[in-house]
Amino acid sequence: MLTTNPFETLDGDKLREECGIFGIWGADNAAGFVALGLHALQHRGQEAAGITSYDGAHFHSHRAMGHVAGNFDRDDVMRKLPGRAAIGHVRYSTTGETALRNVQPLYAELNDGGFAVGHNGNLSNAMKLRRTLNRRGSIFQSTSDTEVIIHLVATSQAASPTDRLIDALKQVEGAYSLVVLTEQGLIACRDPLGIRPLVMGKLGEATIFASETVALDVIGASFIRDLDPGELVIVNGSGLRSFRPFEKASARPCIFEHVYFSRPDSIVDGTSVYEVRKNIGAELSREAPVQVDLVVPVPDSGVPAAIGYSQESGIPFELGIIRSHYVGRTFIQPSQEVRHLGVKLKHNANSALIRGKSIVLIDDSIVRGTTSVKIVQMMRDAGAREVHMRIASPPTKYSCFYGVDTPERAKLLAAQMSIEAMRDYINADSLAFISIDGLYRALGQDRDPNAPQRCDACFTGDYPTRLTDLAESDPDASLALVAAR
Amino acid sequence: MLTTNPFETLDGDKLREECGIFGIWGADNAAGFVALGLHALQHRGQEAAGITSYDGAHFHSHRAMGHVAGNFDRDDVMRKLPGRAAIGHVRYSTTGETALRNVQPLYAELNDGGFAVGHNGNLSNAMKLRRTLNRRGSIFQSTSDTEVIIHLVATSQAASPTDRLIDALKQVEGAYSLVVLTEQGLIACRDPLGIRPLVMGKLGEATIFASETVALDVIGASFIRDLDPGELVIVNGSGLRSFRPFEKASARPCIFEHVYFSRPDSIVDGTSVYEVRKNIGAELSREAPVQVDLVVPVPDSGVPAAIGYSQESGIPFELGIIRSHYVGRTFIQPSQEVRHLGVKLKHNANSALIRGKSIVLIDDSIVRGTTSVKIVQMMRDAGAREVHMRIASPPTKYSCFYGVDTPERAKLLAAQMSIEAMRDYINADSLAFISIDGLYRALGQDRDPNAPQRCDACFTGDYPTRLTDLAESDPDASLALVAAR
Amino acid sequence: MLTTNPFETLDGDKLREECGIFGIWGADNAAGFVALGLHALQHRGQEAAGITSYDGAHFHSHRAMGHVAGNFDRDDVMRKLPGRAAIGHVRYSTTGETALRNVQPLYAELNDGGFAVGHNGNLSNAMKLRRTLNRRGSIFQSTSDTEVIIHLVATSQAASPTDRLIDALKQVEGAYSLVVLTEQGLIACRDPLGIRPLVMGKLGEATIFASETVALDVIGASFIRDLDPGELVIVNGSGLRSFRPFEKASARPCIFEHVYFSRPDSIVDGTSVYEVRKNIGAELSREAPVQVDLVVPVPDSGVPAAIGYSQESGIPFELGIIRSHYVGRTFIQPSQEVRHLGVKLKHNANSALIRGKSIVLIDDSIVRGTTSVKIVQMMRDAGAREVHMRIASPPTKYSCFYGVDTPERAKLLAAQMSIEAMRDYINADSLAFISIDGLYRALGQDRDPNAPQRCDACFTGDYPTRLTDLAESDPDASLALVAAR
Amino acid sequence: MLTTNPFETLDGDKLREECGIFGIWGADNAAGFVALGLHALQHRGQEAAGITSYDGAHFHSHRAMGHVAGNFDRDDVMRKLPGRAAIGHVRYSTTGETALRNVQPLYAELNDGGFAVGHNGNLSNAMKLRRTLNRRGSIFQSTSDTEVIIHLVATSQAASPTDRLIDALKQVEGAYSLVVLTEQGLIACRDPLGIRPLVMGKLGEATIFASETVALDVIGASFIRDLDPGELVIVNGSGLRSFRPFEKASARPCIFEHVYFSRPDSIVDGTSVYEVRKNIGAELSREAPVQVDLVVPVPDSGVPAAIGYSQESGIPFELGIIRSHYVGRTFIQPSQEVRHLGVKLKHNANSALIRGKSIVLIDDSIVRGTTSVKIVQMMRDAGAREVHMRIASPPTKYSCFYGVDTPERAKLLAAQMSIEAMRDYINADSLAFISIDGLYRALGQDRDPNAPQRCDACFTGDYPTRLTDLAESDPDASLALVAAR
């Protein structure tokens, strides 16, 4: 089973979105639509996938390690997921615990019926809530933060399932976009800051919720609108109702969705991801121009920004690096003579093109920097005369606690080094990142430093929520974060 | 296990190379190098893979359905393939018989020792030879044409293993590039016309043979030269000897390697595949210009030609179609509302870009035309104002009998329709193919119509060898082929 | 995987013990001993098995469908179960729900540490307790009655883990022998009536608890004593302490352990199972003599009683039925000509012996009677002149609610028919069952009808506990049981 | 998968029959009958099984490692084996090479059609024939001696398939009972000496061949007769024809079929196996009486002889050893304290019975003696006062070359020691074997020392055929065999 992310480099030197979610109410064979939607969201989580359906009488679940294709394209699996309502989830684990019991949707038989939940995001006070629940007798079956929500619902004394869910969500802090399947209807909800995305669509009579618009495209559904931050929608036989149960807050949607997580053909918060990435490339060309023969994208995520850079600068766009579509986990290196094997399995220099040329490489971000070192060296080995590097995001200096898999700060290259030191480390002739303001400009906004319109904490350290668990487990780290801003 | 070809569209609407081969003599852990080389050749055959090694005393084989990664990146597998010499093979089946017994390298314990062979190509008189061998008591274990070669070697009365192989090869007709592992050495051989490619490389003391140069790149080996058509090379402890045992003939290497089969970063017959494809795009722009807003490649194989078309015409190159990296076999369609599902799973329109624009799509070839119909419609659904199509190869009108998986002629769109009828069928505003002479020009050659420098039979019907099995099984088809030229 | 019980007939026409348990404290590689012990207890549950170990810091679990052999004789599995304390469980499911999540030991991370439990028996008020727990917010993950115990422990406000367990057990009714692994020690406990067996043994410094003495034999441990009904023992680094936390009650151990469940080489409640079965055979010969040529056991469970019958009567003991050791789940019947196939796959008549003879068949019990019909017919087809049948237990007229898989009453042959009607139904020349008093005599006891010394409810309907769940779900059935006595 | 033989002791201290065969012509769903027949013959080979069917147009094969149940009771497997004719095979390997390619039926596409063969026995000149065939160009795919037969048929110049088979069989020496499936009919054949058994049966219109009568019983077929030594029968649409193509020879059927291999409910060569074994026990009681309290069989193969011994001597028959039905491959021994673990997993002493008693153990044979040592010690550990041992066959002193898995002579206890030394080695109070003449008497025959009526080479060294391969590979061993007689 191929469980690696073909979008990422072999050594995992990328930030990784943790999850994608999809829910549908009111369509025959609802689980079939969920499978297709999850397949379109596969880039948001390749480690495991799950679907829960409700047939009006019973809930049915199937969860599996690995991709949607290979698991949810099998007749025998899909036949066991009947019903006109279903939700699904694709996931990464951030904890390293990749057991099946953590694969979502999580499901519990509550006092007033079945309750299944798929969660994109991460709660920043889950450990504290868990300890409290544990003390009063709740037994946890997974190590997932999402299970906290279920126990809070189970122990809530509110009257209706929806009220119990609201009761529960008022106790959590952090990022969550949720799809929840109950006997009373399909519920979708986005946290008060709208950190993670969630869109609503329609196909005939059916209502759909999904992390990205590409999941609507794949089933031919039309896009209705984004869910608002803090909005909770319930859809069932009586129609659709929208609630705003939380205190009003300024929205802070994740800016990295535009840089890397979302598919280029998605529309996120009303803007085309592809277009924003091209804008970033153009902005980068203006902010950090360079005289070279070729603009070369680091495939595949660097391609749109490279096209933008090429179009703005007039320097030809060329495929100087060819990417293999077939990547496995680890290959045994037969000998020491095989240098830089990891990166070569995935990327190969187009030497006939590169030889004797000066080039500018366009990549979306630098995390640990390990890949950049190898790519630059590969270009030099292929005979490039000069190798410049331009990055389509500001330096990534802070960890994310909202559902993105980031290394600890100590492993983020930009948290340890100046840009000049990074240039030296990756052995480039020049290195530049787009500025935080330039990034906002590519999105058509002027960044307000006192109240940023996005969550850009990974670049700025400006976290939009409290970080309760971090503060309790590691007060120093927590203080350091504040000091570092 | 993902056994589909990510390079091809979901319904298999491409010609498919049947095989890739790799052999190495004189390196510790030879099988490890073979695994890496086969991984780089994975695009030449995704159905199955196999490696045979020789440790000086015994032969060891492992063959498996599926990709190289997932099978030959496992410690337990690789530990069972010791030795300083090994050969490997990746394959498609053309017959639909995908049993493990057909997976190569084929191996036999002959009278004078073990004999393992990996074969890229196809014999056009295999059925006839098989019947003869059968009658004299040879028992076939596979349905592969390659097994004929082994039985011819086994029953040859020539003195040495090499002589017995030459004796066998003199009886076959068709296309073959071979790597053969024996106790006496590693043999590589290319048929007298050199229809399929085979290159030689060096890494330290080790000698390597491979279908494409990318397999040398991945292990850091240097490229020495192409094997000549009709050349047989044997390498062992005494060094390397080259033989030319066959009658001299004019070379006819397969032109389609440049159009589609080979990786863009390979050097085939001395020319860069990427550069030739860009040349084809430029040539196509000159032969069939069009006034549009955007040049859009059909990913991924259409990208280099689209870059060439864009650079020659000055029309911007844009990613109007986004390709998913995650494709499974077949998804159950939940309802009739889901139209064109197959293609959408793999390709999605970048609607925000396309809407209201006139575009020219660049694809490498049209085989059955089923994909083209869907892609054009997808562009129109996304709001394209005009959709033109340009194809980076001449119309594919004839089946290949030399190791490429082509449909029967009746299913080749260009064998059934005029270009205008094809344009109407795929519903494009205009359609043009590069001319056969233009294709040769992109390769830097003037095509000699009386003695073409390449095998271009799929476009012209000019087959460079007899087609004995076809003539015996279906004399009409055989005559029709001749008449059709 | 062979998941059938070789002791039982193909169509499941036997009562089935639901579980066997084993625990050990104070031995290196404790899980290895558990695996051996469970293997010796395999006859008590073939559907699934599990082991949980504790290494002083962490708990480790492996649970699997199928037999102990094939799962727990694998190095890779056993290496993941380190520690000097471990418990294990083999199980049948009675509900038909055979999912892995029901396989024991069940484990929960409680407020004061890990808690793993293996349970032999069945609670007769589990449904009622479950509803109450559900209402207060407890989320159940399995459908097993055993999980009720864990939630009662989790929500108990008692101070120590042992007190919380006692608190929980005081709320349950029914049958339970338990092994519980906590960070504070290994706990073993038998319900106040001692319905299911539990013995204690010693091997060097290690203390062992097991369902039967054969599990001590296999590891070379010595038998110390039976746990008393209502006794709770905790063993840890400080030694062994025994508690009697429940109200004193007269013991009522299950009499069917002697008839069928336990292995013949076990010592149950101080008496040899083999000897009791021979006594039953001898008693049966006195109660129901018959003049025949041969005594033929229905293998394998009828053998000891048949030896007793033969020795008492002087009629030769002969293997008239040969039993296959290889039985799979279901074989496809190729045609209607194959009659009585099910039973023939498992049993074959020794026709050369049987032909022309009068015989008495000795079987341990009649449940549905389906097997008896086939066995008698098989003997007649093989040429037996007369076929008499003697049963080593009284007629089975009542369902068991204490951890034995019995059909509903309507399917128990003896609940529906007189003995003469049963004789006619199975087509025997004569049929007799041992009397309930005769059965007690074979055990060396005089049955006290007002206070029976054993639980013999399956024969008499005299249930030793309340049946709360049955009374709530089906009051009529409950009343009928009382009336039927 | 349970691949051990429950009939044998854990350490393989038994001779093992290598194969069982079954064929049927003229029944719908023929493969279903073969599966049932092979299941009844499972004791003759537990390592692998295979079935080949013929549907009038094509041959279909499925071969698998492991038992018949678990492989051939699956719908998906059986649906792929259509037709009214089929053959099957269960096997041990003797060489240790247990690859699937050696699993029978072996199948080849010969010049005049498909040819499938199942073989019970072993050829004693296979290596020599193989070398010759190899030299003339035949390529072997398996390491099985049976493949020699196929190549001899393939290269024969005789006219009909039957004549080519006869031509081939005239060149082989050794033991063979064969079922052969061709397009012309089902052929069954027994070697000129009839060393291995083969019976013919009938079910409606269908004709059946099988190694033992129990395979007829299981499908309700009637027994017609044994095939004669040297007889070849072909059955097809035209009916049944019998040939005797070989030179007339005195029959020498294997005597060990009666001692151990065949099931007790089979009729071999006209005598009941169960009755012969009881006769052996009675004969043994007369030849080697002993004054003890109990007759105890070593289960299960010693049971019939023990009943005979008990009935003749009047000493009670008792189950002093209880055998587990659940045996896996190897259990990890948790510590040194666990002595004699291997044998205890399989056999447990019935200590309550044995303690303080004098007993005589009855076993069928002694091969290496390792099991006997453990069993005697187990009886002493359980408190037996005296332990005598009686063996239901003469001392096994010679290897078998006719399809029985025997250790090399050096490992046969009786080839190395006198009976008194063996008694001392296994630590019994007395030890006796039945005499070779006594064994023949139990079969109702007087042994003719100049022309024994059976193959009893394993006891006497009197081999009925030449041993060509042995003589060529190890002339000394061959001479030693002759000298040893």
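First chain written, first letter: the chains are A, B, C and D, and each begins at residue 1.
Just so it is clear, contacts are C-beta pairs under 8 Å (C-beta built on N, C-alpha and C of every residue); 3 or more make two chains touch, one makes a residue touch a chain.
Computed from a prediction, not measured in an experiment: that's the story for all the values here.
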Intersection of the contact lists for chain A and chain C: none
CA centroid of chain A to CA centroid of chain B, Å: 37
Where chain B and chain D are represented by their mean Cα positions, the distance between them in whole Å: 52
Separation of chain B from chain C, taking each centre as the mean of its C-alpha atoms, in whole Å: 64
Touching two or more other chains - residue numbers and ranges from chain D: none
Chain contact graph, described as a line, ring, star, complete graph or other shape: ring
Interchain pairs in contact, sorted by label: A-B, A-C, B-D, C-D
Chain A residues within the chain B interface of the complex: 1-2, 6-7, 27-33, 35-36, 39-40, 42-43, 46, 67-70, 73, 75, 78, 203-204, 214, 217-220, 263-265, 267, 272, 274-275, 300, 303-304, 307, 311, 316-319, 322, 324-335, 337-339, 341, 344-345, 348-353
Residue numbers on chain C that touch chain A, as the complex places them: 108-111, 134-141, 150-151, 154-156
